[in-house]
Amino acid sequence: MKMFDDSLHEECGVFGIWHEPGVNVAQEIYYGLMALQHRGQESAGIAVCKTDGPRGNLDIHKDMGLVSEVFGHHELDRLTGNIGVGHVRYSTTGESNLNNAQPLSFYYLKGTLALVHNGNIVNCEELRHYLFDHGSVFRGTTDSEVLACLIAKERSEASSIEEAVKRASAHLKGGYAVIIMSPRKLVAMRDPFGLKPLCLGRKDGAYVLASESCALSSVDAEFVRDIRPGEIVTLSKDGIKSDTSLCGGKCAHCIFEYIYFARLDSKMDGVGIYGARYRGGEALAKAYPVDADIVAGVPDSGLTAAYGYAHYSGIPYANVFHKNSYVGRTFIKPTQEQRVSAVHIKLSVIEEAVRGKRIVLTDDSIVRGTTIKNLINMLRKAGAKEVHVRISSPPFLYPCYYGTDVPDNSQLIADRLSVDEICKQIGADSLGYMKLEDLSRMTGDLGVCTACFSGKYPV
Amino acid sequence: MKMFDDSLHEECGVFGIWHEPGVNVAQEIYYGLMALQHRGQESAGIAVCKTDGPRGNLDIHKDMGLVSEVFGHHELDRLTGNIGVGHVRYSTTGESNLNNAQPLSFYYLKGTLALVHNGNIVNCEELRHYLFDHGSVFRGTTDSEVLACLIAKERSEASSIEEAVKRASAHLKGGYAVIIMSPRKLVAMRDPFGLKPLCLGRKDGAYVLASESCALSSVDAEFVRDIRPGEIVTLSKDGIKSDTSLCGGKCAHCIFEYIYFARLDSKMDGVGIYGARYRGGEALAKAYPVDADIVAGVPDSGLTAAYGYAHYSGIPYANVFHKNSYVGRTFIKPTQEQRVSAVHIKLSVIEEAVRGKRIVLTDDSIVRGTTIKNLINMLRKAGAKEVHVRISSPPFLYPCYYGTDVPDNSQLIADRLSVDEICKQIGADSLGYMKLEDLSRMTGDLGVCTACFSGKYPV
Amino acid sequence: MKMFDDSLHEECGVFGIWHEPGVNVAQEIYYGLMALQHRGQESAGIAVCKTDGPRGNLDIHKDMGLVSEVFGHHELDRLTGNIGVGHVRYSTTGESNLNNAQPLSFYYLKGTLALVHNGNIVNCEELRHYLFDHGSVFRGTTDSEVLACLIAKERSEASSIEEAVKRASAHLKGGYAVIIMSPRKLVAMRDPFGLKPLCLGRKDGAYVLASESCALSSVDAEFVRDIRPGEIVTLSKDGIKSDTSLCGGKCAHCIFEYIYFARLDSKMDGVGIYGARYRGGEALAKAYPVDADIVAGVPDSGLTAAYGYAHYSGIPYANVFHKNSYVGRTFIKPTQEQRVSAVHIKLSVIEEAVRGKRIVLTDDSIVRGTTIKNLINMLRKAGAKEVHVRISSPPFLYPCYYGTDVPDNSQLIADRLSVDEICKQIGADSLGYMKLEDLSRMTGDLGVCTACFSGKYPV
Amino acid sequence: MKMFDDSLHEECGVFGIWHEPGVNVAQEIYYGLMALQHRGQESAGIAVCKTDGPRGNLDIHKDMGLVSEVFGHHELDRLTGNIGVGHVRYSTTGESNLNNAQPLSFYYLKGTLALVHNGNIVNCEELRHYLFDHGSVFRGTTDSEVLACLIAKERSEASSIEEAVKRASAHLKGGYAVIIMSPRKLVAMRDPFGLKPLCLGRKDGAYVLASESCALSSVDAEFVRDIRPGEIVTLSKDGIKSDTSLCGGKCAHCIFEYIYFARLDSKMDGVGIYGARYRGGEALAKAYPVDADIVAGVPDSGLTAAYGYAHYSGIPYANVFHKNSYVGRTFIKPTQEQRVSAVHIKLSVIEEAVRGKRIVLTDDSIVRGTTIKNLINMLRKAGAKEVHVRISSPPFLYPCYYGTDVPDNSQLIADRLSVDEICKQIGADSLGYMKLEDLSRMTGDLGVCTACFSGKYPV
């Protein structure tokens, strides 16, 4: 369950749309961002542009908050343009402020430039200092702004925006999916490993780009294909143009998209998310069978594995937790003295489903271990006889350099304790983690990055 | 699925707490209301009072919106008192304004009076004119204010607030659960049929009253018992006092609490909600078996019946819809010309779970039929081979006079069409409604009001 | 200067308009309230009604804040009706909340009732308990609500709303100007002493009622006459009707309207405010001549007297203080350690006008004496050679029971100190208060209440 | 009167403070900006920095609106630093958005950079393209951002921030007063003509820079001197350092500061504003004597000249207009059909002061002529016998290139009509404009820019 900050974070979701002149795309971007909201709740923004307007035209609105908080009728109505980009950014403490919200927008040599970015530029500091030495200034602290300035700088020596993007990409290390809007074109690129997702859709008169296929569906666009690792795609009045000269390296798609980040109804680089997680549950049932009365999942991240586990094992699925969908970010947490638990308010046990039962409980991962411990304790208080925990990913052991915000090792329970010790610590009757070799049950023969489990980073 | 206004509405949720002097109860009421939020999203309010303060002391805050929108740290910190009442009100169009929000509060003969109310006083207009003729004025248009004024009027001739409540209750017709806060006491009453729910809990030094037991759990109070139909309970420094002289008539608990209104983890008049709905699914499987590949439910109202159906039938449960939990009340609906469906954005089909499958789809009820038709259509577009609909309640045929906001008959699909015609209209391959005689599978031998299905109203 | 809470307060301003059906009056009430804003800045409200609509129609909006804060286009557009009342309420700490904001509105026997009120009902508690004993409840703590309930109660035995108002008025003691809106009529009354002001205007198809004539001008209405002390005026489709049967007693208009409350451009009971204050300045110059270089006034309350003093004495007028008009209620006051004075920020000395000068400084009154002391000190620091203070009212010595919020005696400097001691205390070179007998220079032979200076209360 | 958009606009007000480490300066900047609020009401902002913190530390807050709207306790408390800059920006329609609000802040080679700017860079477009060609990007459209980027660019080749400022200044044409905050220093510069004002003050342990001396007083700082035209001043832990190598050209201080922009209690380049305007009134009395009963001024811009005119002529000063100080920016203007005049609501005539009188009416300037015409009409309706208009500046005939937002010539009444024609057009009995040669009565032998009247621009 990912409601108690005991979780991983994804950087962002990006969305772009190119439509023939005369149509307003702002509201479609809004729906696209609604569909990507799970990828980031800190800030949201949309920038649009008229390709038949003057080169400096750009309407933009962005603010801290959810898409539905940032955009009302008033804000959407003010955005007019036939091409546009949108962004949702994930929520952390600290460096979160409006200056870092996206789309980033600038005036540059050729008019206006807007950029949305998901991922992490590993050599960002090096690039920033290179630009400083040439007199650049920055408004914020993100790698996204460094990227935008680098592209603008390259543009002064390149013959087109897509060439500038390509020149810039030669300097970049890391995992990223980026969409750039210039006055006449959208240019998208994906890092050579394909660490960050990006896909292409089409509908009447329009091309759509999005982090996940669920965002294509939300605007009734048809899925065309995933952008290839290393590919640069340009959308303009001349249609779609693809530059694949940087493609062809080893694929290393982030495994955590399949385990946790992506939405159930998305399909990513050929693999459906729901099926991946369902098969993960089946693999757990095969690897760690147990004699039990019911199978249940931690809402919402562990539910799909529970269905798979139930199916494979023949043990009936049951709902043991009710999740209060009204508990949001402004919820006032109880203080110690109120003897009320925050978990009780967000999640409550359905006692009649639990009393006297031996329970298999699935979840996607364990980070610090505090939440799962709490939940097991709640189940026992409600009369559960046994609680067997099954986790649909291997233990976290290594940091991620490509944009996934894993806590540092000192906070990772798997870094300090053995599986048996964790089992004891969280109060479970048994504990089974997905085996590294079983990950292929989820994603088949897709090239994935499992560095956070295995320490084998893509070079 | 209850996200598209194609649904029934419950009036409200009430909460009350009596604590020994010196403790502030506002934040516990806040948690109680969070747990009752599903009963009403239009307005929320809390009133508290210090029983060892002057007779006129009362702190109150209420506003339009969700509990989490109405109350922040600032608002809660301003409310100090050791007894209090809280209220959530359901959302409709029209008569919704702050004057009608609860708790209602007044200055009367004995100091301050606050009142929270769930239900409907059938003879309200008659009582209002009786009070008009005696020079009363009203601030709003609710039956709750009439009730409060009636109690205040009776108080001028009664020896105590509880006696005034009893005298007032002699005039009342309808279904209601009410909590009154006077400067020193809480007084609660439930209508003689027990149409509206109310239960009692206890924790160290405190008594708690709530519409549902889940609200007791949310403040770590222990469930003691349901308030009896017709009972008047007084909480004061002298402990708990019960007046049962109006009890003893026929019980007629609202069946829709079990079918839809109440929260999964509540237990009401002896029957757990989750179990009732699960058994409802089993009864449907028994009554309407079908050869199918998967069983799925409409989120969230049809899910529990799906688990029961799956278990009884042996057909595996599957998740076929992803619900976007970020789509709230401020969501901007697509216009016709955007060729984007609002349903697509709130609910999306998990295509890989659906393609080629014969599906049993459960829901709790059909009101207008538009939503279920839409969902079936989405499943077919995603490749479903067959869709068999199973509804865990009989068809709606009669209006409710006790506070449930059923649309008028002209809008009820079951009023116009036979079951076969409905099946055709919504595009299902087969359709089965829960049989009237099978409702006892859900609630056992509990006396329930099924007037909306049977036309047999409690007298 | 009245910017530092070292001041008197007036209760409120009232406004009413009766227009032929078919015209919306909300915006005119808005302008009327803008013109009366100086009479109260705590809350503002407007209620309107269609005389050809159903008897229960009433649109109302009110909130804490200035007229311009409470009303925007959105709020005004929602108010439709051809008759209406408006109110501004003065700002104090404490009992200020929305429940006490006006117009008060109710449903009563005959439909809707709205009421606006300026003044103070002296026997309010007695009336409240009379109503309690008959079962009444109140939402707030104002005498205005008691008045409204009393009228509603009388209405059940009276043949018309104006008769109910008259019957109610028989019970009232105090100073008040009230406008009541029933579904078909406006009824206004003024207390028998005429302590509180109320006047009548006319424009095409409309009658207008207001606390001050400046509000008539603001809607381009022509001044007709002042409402007579004790008069009850009814505006309806039958035109204007006057009941003067309670008139004829002694007049006792509040002298402070002329000294400070009313706006410069108003005319009240036959006497213009600007002229009254100008003549006050002349009277001071005659009574307390002094050899000086310039005459200046404390902004804004002392300026008009300065012009009169300058003219009579032949000493040139000069501006010695600049008032920062951007310092409003949300201004953040400096703390002690910031060594910055709040007065410096609100008022600053124009040094070149002051250096080396002997100055006559006029103001309307001295309450606590802290502000004038501060200002004299600022003038001396800027190089003033002498500062001679002239106050255009006699010393405050007695409390007011009719609605003027004078601080209690312990805070009144004149209650503790002689004029010589006050002069020393505030650091002036000389000090002259208006003589009691010179007040007639301001208001001629008008019957005025000077109880706060003389202790002679109207019986 | 400057309330009806029939007015000139000044660009901005700037404020800076350098204090020893350990003191928080945010609140003092807040007071300084309150005192400069008349120079701009569109947006306000403060940036602060700790000189003993890391080089990248910077706290900033800015938003659209008045200082009191933008800053509350919460916002001020979040700003910690011992040096800082603040800005108020003037209000126009169109290009007003948050991106253009100041202070501008950047990360650059040496850490953080903040900049506040009053004035206009004439060769801005040329500089912008120079920077574009080197790969720069801009967030907004102001010349201030071009200036900041230019300084940052120069910094990469300069040995210090003050040297970078000096190098940048070599490229600048126009009128400007700028304060730059780098991590350790404040650097201020004023254009070589001294078109825009900037002065220096001191208080215990602190140096203060401000557009006007009134802002020094507001923080109890002592006026030290005006910054010299062309001077660059650096404030750091080494004290104050002045670079005057660019000084020595011809002075051309903007005459409109004395006529209208600056605050009454400021002193600028040796000349007090109040005295300048008062002497302007005297000069008008000498040049255009008339037989009249009273002298009055248009609030607030014409009042001081009225005092001077009254004194010189011996005709008594009188107040003929009451200004409603509650009419602000959110005021809802009457529509045509409401037959109510917006001027009536903002300004009203004090009829008893006017009836039967021959009036001299002073104002500072006439732009379009619509407001003065309206006022004269109001005076006549209130019974004025004669209205003689005296304007304390010569007619506007030429555009300003240095930051004063004069309407284009087609809207300037003096461009189309002779003085006699204007007199007739506005309905005055006589009209006198200040003579060009009499301007020296206001400012003595100070070098001033009178280009807007004379067409003689400083080269």
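Should a chain be cited, it is by its letter among A, B, C and D, assigned in written order, with residues numbered from 1 in that chain.
Methods note: a residue touches a chain if its C-beta (ideal position, glycine included) is under 8 Å from a C-beta of that chain, and two chains touch if they have at least 3 such contacts.
Just so you know, these numbers come straight off a predicted model, no measurement behind them.
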What is the shortest path, in steps, from chain A to chain C when you may only step between chains that touch? 2
Where chain B and chain D are represented by their mean Cα positions, the distance between them in whole Å: 61
Return the distance between the CA-based centres of chain A and chain D, expressed in whole Å. 50
Centre-to-centre distance between chain D and chain C (centres being mean Cα positions), rounded to whole Å: 36
Which residue numbers or ranges of chain B touch two or more of the other chains? none
Work through the pairs of chains, note which ones touch, and then classify the graph as line, ring, star, complete or other. ring
Which residues, counting only chain C, touch chain B once they are in their complex? 105-109, 113, 132-141, 148-149, 152-156
Of all residues in chain A, those that touch chain B in their complex: 27-28, 30-31, 34-35, 37-38, 66-69, 71-73, 76, 214, 217-220, 263-265, 267, 272, 274-275, 278, 303-304, 307, 310-311, 316-319, 322, 324-328, 330-332, 334, 338-341, 344-345, 348-353
